[in-house]
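In this document, chain identifiers A, B, C and D correspond to the written order of the chains, with residue numbering beginning at 1 in each.
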Amino acid sequence: MTYQEVMEQARGAMGPYCKACPVCNGLACRNTVPGPGAKGIGTGFIRNYQKWQELCVNMDTICENKPVDTSFTLFGRTVDLPVFAAPVGAMTLHYGDKYNDLAYNDILVAACAEAGIAAFTGDGTDPAVMEGAAAAIAKNGGCGVPTVKPWNLETIRQKMDLVKAADPFAIAMDIDAAGLPFLKNMTPPAGSKTVEELREIVAMAEKSFIVKGIMTVAGAKKALEAGAKGIVVSNHGGRVLDQCPSTAEVLPAIVDAVGGRMTILVDGGIRTGIDVFKALALGADAVLIGRPFVTMVYGAGAEGVKTYVEKLKAELADTMAMCGAHSLADISRSMLYGF
Amino acid sequence: MTYQEVMEQARGAMGPYCKACPVCNGLACRNTVPGPGAKGIGTGFIRNYQKWQELCVNMDTICENKPVDTSFTLFGRTVDLPVFAAPVGAMTLHYGDKYNDLAYNDILVAACAEAGIAAFTGDGTDPAVMEGAAAAIAKNGGCGVPTVKPWNLETIRQKMDLVKAADPFAIAMDIDAAGLPFLKNMTPPAGSKTVEELREIVAMAEKSFIVKGIMTVAGAKKALEAGAKGIVVSNHGGRVLDQCPSTAEVLPAIVDAVGGRMTILVDGGIRTGIDVFKALALGADAVLIGRPFVTMVYGAGAEGVKTYVEKLKAELADTMAMCGAHSLADISRSMLYGF
Amino acid sequence: MTYQEVMEQARGAMGPYCKACPVCNGLACRNTVPGPGAKGIGTGFIRNYQKWQELCVNMDTICENKPVDTSFTLFGRTVDLPVFAAPVGAMTLHYGDKYNDLAYNDILVAACAEAGIAAFTGDGTDPAVMEGAAAAIAKNGGCGVPTVKPWNLETIRQKMDLVKAADPFAIAMDIDAAGLPFLKNMTPPAGSKTVEELREIVAMAEKSFIVKGIMTVAGAKKALEAGAKGIVVSNHGGRVLDQCPSTAEVLPAIVDAVGGRMTILVDGGIRTGIDVFKALALGADAVLIGRPFVTMVYGAGAEGVKTYVEKLKAELADTMAMCGAHSLADISRSMLYGF
Amino acid sequence: MTYQEVMEQARGAMGPYCKACPVCNGLACRNTVPGPGAKGIGTGFIRNYQKWQELCVNMDTICENKPVDTSFTLFGRTVDLPVFAAPVGAMTLHYGDKYNDLAYNDILVAACAEAGIAAFTGDGTDPAVMEGAAAAIAKNGGCGVPTVKPWNLETIRQKMDLVKAADPFAIAMDIDAAGLPFLKNMTPPAGSKTVEELREIVAMAEKSFIVKGIMTVAGAKKALEAGAKGIVVSNHGGRVLDQCPSTAEVLPAIVDAVGGRMTILVDGGIRTGIDVFKALALGADAVLIGRPFVTMVYGAGAEGVKTYVEKLKAELADTMAMCGAHSLADISRSMLYGF
């Protein structure tokens, strides 16, 4: 099944909001929430996508002609390429009733493991969501990263006990989720966490802990101070706060500040293997991709995921070869024009 | 009543010029005068709106989770959020015959006081306009800022006597009004004022005096020299001079020059609570919003005003929480990307 | 007769190329030659217009309220405002058969003199064009600037004898005319001139001599060296060379290099009194305006010219008053935002 | 036959992908491959074109009026203007079945020689393509540059023997061709070359050797180190790697690094004589033009080529005259605005 065929099938299978556009760039959905859009005037998603496009890569093919290695190891788990499926939730509400969160995570976790990568799973106000995600990760040998929302500490402790039992190779928290319109004034309550609270949560996790939703150098330093092993530079795809800068814009300064001392992941508007290359050239260790995996799963389930992962891998390998990088470690900022 | 419902009602209730657009950005009305448009080629209004949009906010949710306080005190009067309704005049001419200036001010002053903010009122060649405004402010316990046009000193003295009797917490003058097409060659005459004349006017006012229509550092310093307690960085929504810079562009230098020594307000293209946040982050103490309040009053009277104020407050509070600011004093330039 | 009425009449009176657009900005005609368009891909005209729009003026009305004086003196001749009608030729070919060059110049020279300004007149391969222009200028008391094309020296000498007899207050040469598609390989031949040749031409003129078509500091210095009393910073409205910078872009450096030592005029995309203000703020002494005068003459003859000159004067005076300039000498670069 | 007439004929004569657009700028074909489009999202071609347009030329006609000489000598071969037809291959696939590679090269090589320039010829997996190209070049007195793909060394040696027999004045290799979708996993294999391998290839060639596909200073230095006599700054028209910078952007730094020590050619989005002027002003010695020659040949065969070469020459000569350059050596970076 080709990528185009999966996309065409997705168009009939999704709810009224996502149009499964040829390029998933936020222009059609803008501020459609419920739906895949961004908050406020909807420019957060658009800018995320746009800023990757403004970066150009430096071609140089006077180099050795040898195979390219795209493999990546995160906290002891080696994957075929430095790409993870991002956590997504409230599937029925935003993407249509073909799947609920449990069914989606069940397909996604297994499909990603099968395709050689790993999925982050989302959380929900319904406890069954995280239970299902934990079960899926356990079933797939711990190949997945459960992502807990920033509930009160009591709730987080319960969720941690649940997900640790699945033995994932890392646990994440999307610290910015307090800004989600759908999470405001819910039970259990969610909200910001101080460094001290975050340190307590890291201790509870007993696994490599990733803080998702970092957009400033100050935030990255606080996550490091709290004991996180990694961060995801992310504005939640533009969905938690209107008119943020793009992740591509803030990434370099964050890399300069905490790079080498913790793992730096990034998401937001990354669509192709060349975008992955650019993120790594700016200094990210790996990336997360969200909405496109939804389209793939709605379009063709596990086969959609496999098709997309293969496409990403081919694009990344091609770009690496054309820029003279034979392993991820070879990719440097000097491979971007103007840096 | 939701904001969308007020907007829909406004569409049927306004005159032929204002379209009550989903986003009030000057693109539809451009240089429509009479109407809500700007002078000349009409880019003044558009640029005002646009430049706020180009600013991005820095999200950082690793912080204490506690309630946000949006309250603001201006010259002893505390309001719920740092937003004032701007003075607008010639309502029938520009916005349709549902209201004349008297009826509009009467609703606006009371509705703003009720909603927890305060309104600036406009002036007109017809003396009844200011008389009505003064009466409305008196009725609402001085919760309003009468804004006198830069007439000749004799006329100003008469207006001052009238408005002081209403005991407002401040009095303003839109010093740039001489550029209004509708005020040219009128009786009484209006025009520029020297620092000396302005000092005399400040003395007449016997209240905290605000000079509205400052667009340069030199102008801000002259207002300070004349004894004004505050300024409004404003180009009159683009209506008094074509092809001014936007207020967002000139604000930072003015803050750097006179900030701390006088209160700095700003208007022009501010539409949402996130725009308010950006203005405060650049150094303004508070903002004025004009055209949207017209739409709200034409759409649903006092209820429209209430709906819009609640929307602004929720957006401002949400942005503050997501950027780690718990009071207006916490908002700083470092919360804007690139500053 | 209003400006809008003249424009509407012009729409029916012009040939197939010029559309008498509401804003004369080169977007509709682009590279239409014959017609009012520019050479090559047609961006020269568009960029000329656009770059004036990107400049913003600094409003400051805290100043004395006194009348504004827009009068300007060029080589002893005082005009009501610092605006001249630019030389235009081949009227029938480019703008339609309502006028030929003789008829057009005849109306334009008299109408400009009557309206308080002065016209530059164009030249043609047909000797009758310059004869007619000289006659029109003589009839109007020397109120006009005949503009000779850069023919061979022999032809220029003949033209000079002709135009000096009309006793104009200045004589000009559009040194860039060699690039006109319609002048290539014509008889008499036209082309570039060295400083030495230009000095000889200046001597022939025996009047204040203006070199039109300067786009570089080097060119301005050569004109000065050759004895010219003035230059017109001009790219011939984009018609002689494709993809020049705009005149607004190159003007400041030329002013810095030769300002004070010779008169600096500028044309290209200037349409309103606020554009005139910007040109003067950048350091020009006065401006030329071309295409709009054609539209005015085709629309309503002398009355069109009068209407447009009044419009320009009102706009210029309004902008001066709103920026605190009471005479042309008061206008400075600090009245532009960012300068 | 006029240029417009050739274009109109081309529209009926080409395959389904190329639209023979009035301006060949990549906007209509974008990422159409097969077809004339670029790789990935298709911005490589568009950016190539766009960046030349952003450069402006400095007009200065105060100079001697004498004829302009556009002639250029490359490795002992003098041509009428500094323009070469670029190598293009797989004609039937991309441009329609009016021609295959052999027929196209046969027409192109002869037509270019006849029109006073010279053509580079493309290579293919079918050995007959290079045999035909070599024959065409031999027939035209060595007036052509055979361009060998970066096959394995054994294959390259065979091709070299073949093309040297045609006695061309230079031999080229498009080192970036490994990125062509149509060349991946083909027999013989193609791919990157180290400096050492390239040095071996240069030795085999026994002719002035040109490395095509250089986009970085590092790459240019490696080509120099390998013994190349020239490079073509090129991203293969955007067809081998997505989201490269444009060639106009990278050219100046490459000129600064290796200029004077090797010949520097450039291609990508060059369409008119004024683009050629800009490339030379940035420091290139000459340019290659690709897609437009295809359109000319499909439209009118050799006559199309002649028409286009004459158009380019007239535009280049006109621009040179208007900027005061009388020979290619006179063209300097100071003739571009802002440099």
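We take it that contacts are C-beta pairs under 8 Å (C-beta built on N, C-alpha and C of every residue); 3 or more make two chains touch, one makes a residue touch a chain.
Here the structure is a predicted model, which is why all the values come from computation and not from measurement.
A.B. asks: Going chain by chain, each one touching the next, work out the least steps from subunit B to subunit D.
C.D. replies: When the steps are counted carefully, the minimum from subunit B to subunit D is 2.
A.B. asks: Could you tell me which chains are in contact with subunit A and with subunit B alike?
C.D. replies: Both-contact set = empty.
A.B. asks: So subunit B and subunit C: same face meeting same face, with over half the numbers shared, or different?
C.D. replies: Both copies touch with mostly different residues.
A.B. asks: Express in whole angstrom the distance between the two chain centres, defined as the mean CA positions of subunit A and subunit C.
C.D. replies: From the centre of subunit A to the centre of subunit C is 60 Å.
A.B. asks: Taking each chain's centre as the mean position of its Cα atoms, how many Å separate subunit A from subunit D?
C.D. replies: Spacing between the chain centres: roughly 42 Å.
A.B. asks: Using the touch rule from the top of the page, what residues of subunit B touch 2 or more other chains?
C.D. replies: Residues of subunit B never touch two or more of the other chains.
A.B. asks: Graph of touching chains, which shape: line, ring, star, complete, other?
C.D. replies: Shape = ring; chains linked end to end, path closes on itself.
A.B. asks: In the complex formed with subunit A, which residues of subunit B make contact?
C.D. replies: For this pair, the touching residues of subunit B are 23, 53, 55-65, 272, 274, 315, 318-319, 321-324, 337-338.
A.B. asks: Using the touch definition from the top, list the residues of subunit C that touch subunit D in their complex.
C.D. replies: So the residues of subunit C touching subunit D come out as 40-41, 43, 47, 150, 175-176, 178-179, 191-195, 198, 211, 213, 215-216, 218-219, 222-223, 226, 235, 240-245, 249-250.
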